[in-house]
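Each chain carries a letter (A, B, C and D) given by its place in the written order, and its residues are counted from 1.
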Amino acid sequence: MRIFKSGAVRAITAAVAVGLIATGCASERGKDGDKGGDKDTFVFAGAGDPGSLDPALASDGETFRVTRQAFEALLEHESGGSKLVGGLAEKWSSDPAGKVWTFNLRKGVKFHDGEAFNAAAVCANYDHWFNWKGTYQSSAVSYYWQTIMGGFAKNEDKEAPKPNYKSCTAKDENTAVIEVNEPSANLPGGFSLQALAIHSPKALKEYAKQDATAKGDAITYPKYSQEAGTVAGTGPYKITKWNKGNKEVTLERFDDYWGEKAKVKNLVFRTIDTEAGRRQALQAGDIDGYDLVAPADVKTLEKEGYEVPTRDVFNIFYVGMTQSKNPALKKLEVRQAISHAIDREGIVKTQLPEGGKAATQFMPDTVAGFSDKVKTYPFDTNKAKELLKKAGEEKLKIEFCYPTEVTRPYMPAPQDMFERMKADLEKAGITVVPKAMKWAPDYLDATEAGSCALHMLGWTGDFNDGYNFIGTWFAGPDKQWGFDDKKVFDSVNAASKVTDPAGRVEAYKKANETIMEYVPGVPISASPPAIAFAKNVNPPKVSPLTQENFAEVSFK
Amino acid sequence: MTKKADKIDRLAELMQTSEVTSGASLWREAMRRLKASKMAIIGAVIIALFVLLAIIGPWLAPHSPSAQTWRGEVFANKGQFVGARGENWFGLDHLGRDMFSRILVGARQTLMVGVVSMLIGLIVGALVGVLSGAAATLGGRTGERVDTVIMRFTDIMLSLPSLLLAVSIAAVMGQSLTTVMIAVGVVQIPIFARLLRGSMLVQGSSDYVLAAKALGIRKKRIVLTQILPNSLSPVIVQATLSLATAIIEAAALSYLGLGNPDPAIPEWGVMLAQAERFFDNEPMMAAYPAIGIIITALGFTLLGEAMREALDPKLRG
Amino acid sequence: MALLSVEELSVTFTAKGRKDSTAVDGVSFDVDQGQVVGLVGESGCGKSVTSLALMGLLPGKGVKVGGRAEFDGKDLLSMSPRKLRDMRGSQLAMIFQDPLSSLNPVVPIGVQVTEILERHRGLKGEAARKEAANLLDRVGIPDPTRRLKEYPHQLSGGMRQRALIAMAVACAPRLLIADEPTTALDVTIQAQILELLKELVDQEGTALLMITHDLGVVAGLCDQVNVLYAGRAVESAGRRELFAHPTHPYAHGLLGSIPRLDAPRGEPLSPIRGSINDRIAWADGCAFAPRCDYYTMECLTGTPELTEPRAAGHQVRCVNPVLPKPKAEVSA
Amino acid sequence: MLRLVVRRLLQLIPTLLGLSVLLFLWLNRLPGGPASAILGERATEAEVARINRALGLDQPVYVQYWRFLKRIFELDLGTSTQTGQPVWDEFATRFPATVELSIVAILIAIVVGIPMGYLAAKRRGGWLDVGAVSGSLIGICIPVFFLALILKGIFAVQLQMFPSYGRLDTGMDATDITGFAVLDGLLTGELDASLDAMHHLILPAIALSSIPLAVIVRMTRASVLEVLGEDYVRTAESKGLDKRVVRGRHVLRNALLPVVTAVGLLTGSLLSGAVLTESVFSFNGIGNFIRTSIDARDYPVLVGFILFIAMVYVLINLLVDLAYSLIDPRVRVH
């Protein structure tokens, strides 16, 4: 710098120099702090910011991961499994018709704001949701309530579903009874959703004061859901701070928790939007764990000694066909040919993390209702050729859409998977016209509007019920599929009406078999989403429903 | 008599030997300096090689760039890749395709992206520039108005971060190579426009134009025959430099996921963006296209800079 | 002994990719205490280069300087840059051709004057400012204290040149080099500036090396005149002697080419034909030969030597000098 | 001077109006809407239709535009469809981050670039010159995101000298006043927070500075070369002034004029760079946010941003001109 003497710049130089040195030291301090044995803060990185601190207003996993640590629903899934168990309700039962649901509530449960948990609180919640008005009735806000319980006390939008929720009554201090108009396949599973987790009645009163406003061009979430302080649940952690600038939600151990207390005092969720970014942050020691691990990284991290448990599969990845878009697809042989042409095993072997499975039907084998008697379509290029010939479609030319800028638990590397399948189809003599689109909204719009003859999509289950999978696609005509086949639809709907669990499972199996006879699309694979933790962490039991309970986490 | 004759001859001969300071024209002078500059030569060589590669690459490629011939040997999910080996000099990519062939074939796509988008920027930009330049130099009051409006518009375009502008264009047009080229090209338009206008204004106020005006030559002719030709040199320089930026911006767009929709057709930008995911497992996979891009861009930049220096009288030394 | 004596000074530019060009090719002349010496010649004859060489202001790279230039005993050419730096501004100062471009546009006049005072006379702050004001006053700039705050573009051409002069004489240098100090100015101002220079020199007894193409200036100012052609002195004599008897065909031509009030009516001007570009290397003969009416075969064989064909101290570099009967007397 | 400022600010108004119209027509051409961006793969036709109705996107453009204008005059930019928060708030959290980043980047570029360019010019043709020039050229030719990735890989992941992402360490709960993490730290006396923020800034800033640095080096070099040939430098030399004075007062002071303008014009390219660096270091800045907003068709954010950026741009140019008129007296007169 000697050559530079002009005052101002000399000052700047100095400043920067000092800055560099100082920060250098700062970093030293920081790192030492982390390495201290008595670590009381666990930092976990997700791929996106939570949308709100009130799970009832959300429908995305990033939000639920955070709120799940602070809120509990009447029912929960067993830790590390998909079996329904008691949550805030110790026991539950329904009448034969499946219309009246009785919950025996856990005693001695406290909310974070000191309120006591009881039947009244439960009903307060359900009635609060049922009486939502205005913007709250937008499906963007109350998606799950509407899927599980239908509409509201007063539907403001004629197209809103008609209410299925009837009433909630507190039989006594610890018994709540919820009645619905029609039996539904979504129950009792629905009672376990984070979106229907129980809030403190005191908090609810606060909520009620604030309205979600749709001002001209967007939905503004109510203030209470955007900053810590008001929301209060019963979970092992309570939310203490949401620093949006730093993309950081801080939770603190709730000492009056009814169950086993959290092992680590502070829990922090941060956002790192790229896969590589999250992995590097872990390797750099900046975080203690992260979700949505790229398959390629699983082995790498394991080699380096990180904890990388993979969950059981609970999702399905499929190639959708839109018959209305390309008439050739109306021919059964063509659909079968495509099914034979694609090398599922290859995809599983090269693209999915260990534990991935090739799919035979539109649900993973972990879901009750999975049938091993379905018609299968093994990888066989020649067979595919024959079928095409038989259909008189040797010169089949077909558009194949794939999404960019996205990874989903069921499709870790969409573009690579697409390229493999494209190659497969071309081997079978099909000309593929590739079409790339941004995941949201372009791709989702296009597929949902049925403007992609072939496309890749998937589904992650909310709870263990077959309808949660096949119901979402094959309960009736749908633009995405562009076909109308009574046999298929009936089989699915029939199953959803069966109230006794065992019988319903059987019905789902039948439905799956019917569907695979018809092959509306090609189920490709079920992929186990991995989750990574630092070397010095005892990870929680990983859940196929990605419902990890971070209270189980501790440091070695 | 003879005495006088040979004394004249002698003189002539001596004047031959003594050096004569000749006033070379700007262009000849520029060419001379260009030939003298190492930058220019290196740049030119790089570009020549690159173009050659782009033309004959596809025939040199030992394997098909798109066939996933060795896809059984690559396990992206286990981070197992195949590096350089006898059969595949640059190893395989994440889908078991021959990297070397892809790099060779990719050169053509990359060059095309660069050239086409540069041309879009150049042509449109030049038109706008000429329009407002002409308006400004000899359009009178209305001309000035036209000029200010156009310039205000280019200002706006310049004020928007080029990458975001490109992204939004891509958002409208959907994903395709064409989109990328247009997006990158559009971003260049205001630059060319301003540049051409600027140097036209300079020329416009120069003596020979005043003279031409004084002689009452028609305005259109003045612009076309006098001003324009003399204003082009900075534009040519910019065009060369733009080729570099275009290639880089295209790579950036691919990184943001707006690249070529059919990744089977190799293009360095897309290849780099794809390989970035496996950077820690197989860095070379990203390195090859990256190096390709950097060197190519460098080539164009070197030549452009050298031209700029050669054409700039102030920087003579 | 002479204050400045230049011997066989030569300057050669060696640009890459070009063949060397010799701008100054063995110039020799002396400047005595308090004397005013002129270097005269067409533009391109190497007079400005000579002055820059003396000041050590030629670019370090691509230039070869030869010969000696002794400033009271010390050779300026071989002197260490630091030493030279100390001498510049204090011992020898320079005034340049174009006053506008020679002044820093973004620095107030005051600073540009005071900085030299600080450097060589150790004056600081108020003292420096006062002295600067005096200087401006001395060179005839009205309202100096206000001017100090102003910027070059706010001054008139004449004032700028005055300011430059003020800087040059700030430290009462012993030698002042003026390179075409008046060419950029209009005639009336020219006269004033020359007057100013004259009286400064007289007051301080400063030696002045006046570089010009304008014989009028020479006639008005110089004691001794050196005529340069193609980087060499071709004739050197006292002012009167030279004007009375221009002996080298070139000098003769020069004088012939200026209109004279006292010339007989109707006598045509006789300009020199051709330009300085059509010449031959001194090594081969007389560089002026191509433009010379009198050149002989002899002129084209080897460098002509300086001789004194007419009078002692009147040196001429010509094998075939013009020795006609003198024309009318010069009006000094 | 004041008149200049006022005139510029007045010019801003028509520019912004015109811009907003163009913008609205433009945005309307974007296919798809925020609806499915909100709902993800769970979107169904009916849902999308209902959301669009809720967002008033079913009305004709001019109605939307008018609503938008009305709000603009109430200084209300509306609400982000992505986050459901007021656009102002979103900007308030993110703009400072990017500004901070850009400033540090520019500082690095200036502090390194100007001396480098100066030396290069002084030792023209020397190894230092060749080094500086080729260095700056390469700086331009490396794709920013690639450079960022490499820097991160080496200094954050391997050597762990710098954090690999974000603006502040976890749990470093700094009080937020201005949104400028470094500044806040100084204001509240939480120096460790400031340092931490600085520490997070350095890597992205270096990556971001590559292009400005290159530009500044070359600008400085060129204009120093030019100035060195000027008569007034020769005059200064002839006065026997110290090297220091000649360099500082006579050479640099003149040579930096064009550099100042260049720095002003760099803002656009800085933001482009920010988009990439921010996404590599998942730095919560505006660049990255806008990119996702484009994908998510977050109209209010986009409109707000572009108006904002146009304003920023004009203001920066204004500043440049003011700075210019401070160092160059000739400008002051006219």
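The rule we apply is simple: a residue touches a chain if its C-beta (ideal position, glycine included) is under 8 Å from a C-beta of that chain, and two chains touch if they have at least 3 such contacts.
Since the structure is predicted, the reported quantities are computational estimates derived from the model, not experimental observations.
Any chain touching subunit A that also touches subunit C appears here: B, D.
We define each chain's centre as the mean of its Cα atoms; on that basis subunit B and subunit C are separated by 50 Å. Chain centres here are Cα averages; for subunit B and subunit D they lie 25 Å apart.
Each chain gets a centre from the mean of its Cα atoms; for subunit C and subunit D, those two points are 54 Å apart.
Centre-to-centre separation of subunit A and subunit D, using mean CA positions: 36 Å.
With touch defined as above, residues shared between interfaces to two or more other chains in subunit B number as follows: 171, 174, 256, 276, 279-280.
With touch defined as above, residues shared between interfaces to two or more other chains in subunit A number as follows: 276, 405, 438, 442. Not a single residue in subunit C touches at least two other chains. Pairs of chains meeting the touch criterion are A-B, A-D, B-C, B-D, C-D. Looking at the complex, you find that subunit C touches subunit B at residues 16-17, 19, 21, 277-281, 284-285, 289-290, 295-297, 300.
Contacts from subunit D toward subunit A in the complex involve residues 31-51, 53-57, 64, 67-68, 71, 78-81, 83-86, 93-94, 97, 107-108, 110-111, 114-115, 118-119, 149, 152-153, 156-157, 160-171, 173, 176, 179, 181, 192, 195-196, 198-199, 202, 244, 247-248, 252-253, 279-282, 284, 288, 295-297, 299-300. Against subunit D, in their complex, subunit A makes its touches with residues 1, 3-6, 9, 12-13, 15-16, 19-20, 22-27, 29-31, 41, 43, 49, 51-52, 59-60, 135, 138-140, 143, 157, 159-160, 212, 214-221, 226, 241, 243-248, 250, 266, 268, 270-274, 276-277, 280-281, 283-287, 405, 408, 438-442, 444-445, 448-449, 457-459, 479.
Listed in rising order, the residues of subunit D touching subunit C in the complex are 125, 230-232, 234-242, 245, 249-250, 253-254, 257, 327-330, 333.
The touching residues of subunit B, when paired with subunit A in their complex, are 67-68, 71-72, 74-80, 94-95, 171, 174-175, 256-258, 261-264, 274, 276-281.
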